[in-house]
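Chain naming follows the written order as A, B, C and D, and within any one chain the residues start at number 1.
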Amino acid sequence: MSLRIIATGGTFDKHYDPLTGALVFADSILPAAIAQARLRSKPVIEALLALDSVDMQDSHREQIAVACERAPESHIVIVHGTDTMRESAERVAAAQLQKTIVLTGAMVPYRVNGSDALFNLGFACAAAQLAAPGVYIAMNGELFMWDNVIKNRAAGHFQTRHPIAQNTR
Amino acid sequence: MSLRIIATGGTFDKHYDPLTGALVFADSILPAAIAQARLRSKPVIEALLALDSVDMQDSHREQIAVACERAPESHIVIVHGTDTMRESAERVAAAQLQKTIVLTGAMVPYRVNGSDALFNLGFACAAAQLAAPGVYIAMNGELFMWDNVIKNRAAGHFQTRHPIAQNTR
Amino acid sequence: MSLRIIATGGTFDKHYDPLTGALVFADSILPAAIAQARLRSKPVIEALLALDSVDMQDSHREQIAVACERAPESHIVIVHGTDTMRESAERVAAAQLQKTIVLTGAMVPYRVNGSDALFNLGFACAAAQLAAPGVYIAMNGELFMWDNVIKNRAAGHFQTRHPIAQNTR
Amino acid sequence: MSLRIIATGGTFDKHYDPLTGALVFADSILPAAIAQARLRSKPVIEALLALDSVDMQDSHREQIAVACERAPESHIVIVHGTDTMRESAERVAAAQLQKTIVLTGAMVPYRVNGSDALFNLGFACAAAQLAAPGVYIAMNGELFMWDNVIKNRAAGHFQTRHPIAQNTR
């Protein structure tokens, strides 16, 4: 089962710049992360964007949706900033592709001690292979439908938008 | 969806002992790994065994199967050494539980630079939530059925036992 | 030989804040760094300030000089931001203490992969024990006199201020 | 001031071999460690041996002494296993070179989380530049004369051989 991973930037992929003291984008760390994960069947890694998700415009989300559509693979992981991950998921969902597309990211950059990036990437790679076609967000060890998730910024995690409705099902 | 993670030892959980220079078992690192992963719904972590998988006897595999049966959860991840992961998976499968049980481990200990442990744990946690009831092995970014996987020791990865038969399906 | 380490902040001691995505100060990592270094004779760690060195005012430098003077130890390491490390060294030197005082810091935070922090701390701890009384800056594997060093911001390293004069000696 | 670093193996330089699960020697990590330390004046790195220090024979110690003698540099760091570091220091001291030679190593490999390797390397690099000619061991944040140090194997640290005599000075 072939998998594509699309890098768009976000906390996951931030590098520390010693000259400026800022967290910036450079070459994506996804090839290094995938090597570390020892995947036998190497996914295609597409470095599409390198943006903080707060800086993403509609045109960028359009690019992401087009990249998903053009990809020959039916199983796609998108590495994305957490702040507007939901908005990009919504835009990708609007393309109504018959693919399993999982957005993930990190609360702590891959290069910082104690990062959740590698766990999230592993979780998303499994979800992209196992979940039914649709658009999802994989964060905090849970797989959320794109239309039932919010980022709780104060707490720093993702949660379902309508938890009560869920419980009554 | 509640998840149980059962620690049994293996490379994943090895610590470096500065006094002897050996890789040994101490308290499981799973609570630290789960905290790093920022799970919102904390899984139950059961420290059942702390063994190299080459040292596992039938009685140990029996213990693992019993732990899976007794667990109130229907979604279980077992962290296990890679060398006899398949044998333990077979023993657990023999218990014929209506649960999704995913064995995983690592080729490089969690505490060593460049470890695949956290990716594998993420992958296994997703698979345990998403796959149909059954017993699986999650390694190298793939989910294998327990009865169609071998560890290729020379190459250091897991692969399907009958790849040709698979291709003709 | 007893040693005091005074924390004042700087890149060395920056933490990543998952909620804001910023590098911030929290409890100093110096106790953890010293434990990692396996020192047998534990230095006194004094958490004096937690500032970016660009935010240091004269009053802060005064505090640092007073802390050095009040310390019962004659061998002192100051962990400091690199941008105004030289200015603080100058202020400490003005106090004319008969002590060996070594300022150090890091170009990459201790908590970020590939950090120079632990090397610099080791270098500074040795220099504080071995160099003659005076005020020094230890960075990039060199020990500089406080009055013959500049930070080359474009290159991201410290160098002697008067390299030609040195060469003609 | 030019510095030479001689790699001889030891815990410092151990790599984890995923295929065998053993800690082994491969290419020395010293070039990576020195790059991480951001040294401006690059030391010469000489990969002389790659041995556990328990496996060192007299002929190996002879090789180390000869390497120190032949080196054009007067300031030398030797990265060495801790178990027989003292014996090698004694052999190097017998060569009676007018050089500052500092042996160091690590209790935890550079590649394992929480390693003391980088601190020790920084400490040794400073000591090799600052101490009077002689042969020393730099471990646990202290600089020991080669003839007044033992490794306390039970405690996992180095200490002076004659601590009482020292106190009465």
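Note that in this section a contact is a pair of C-beta atoms (placed from the backbone, for glycine too) under 8 Å apart; a residue touches a chain by one contact, two chains touch by 3 or more.
This one's a predicted model, so the numbers in the text were calculated from it and none came from an experiment.
Engineer: So which chain is the furthest away from chain B, centre to centre on CA atoms?
Structural biologist: C
Engineer: If you average the Cα atoms of chain C and of chain D to get two centres, how far apart are those centres in Å?
Structural biologist: Comparing mean C-alpha positions, chain D is 25 Å from chain C.
Engineer: With chain centres defined as C-alpha means, what is the inter-centre distance between chain B and chain D in Å?
Structural biologist: 39
Engineer: Just curious, how far off is chain C from chain B if you go by their C-alpha centres, in Å?
Structural biologist: It comes to 45 Å between the two C-alpha centres.
Engineer: Mind pulling the residue numbers of chain A that touch at least two other chains?
Structural biologist: Within chain A, residues 18, 38, 107, 114, 156 contact more than one other chain.
Engineer: Graph shape for the chains shown, where an edge means the two chains touch. Line, ring, star, complete, or other?
Structural biologist: The chain contacts form a single closed ring, each chain touching exactly two others.
Engineer: Sort out for me which residues of chain A touch chain C in the complex.
Structural biologist: 11, 16, 18-19, 21, 23, 52, 107-109, 111-114, 153-154, 156
Engineer: Inside the complex, what are the residues of chain B that reach chain A?
Structural biologist: Answer in residue numbers: 3, 33, 36-41, 43, 107, 114-116, 118-127, 129-131, 138, 140-143, 156-159.
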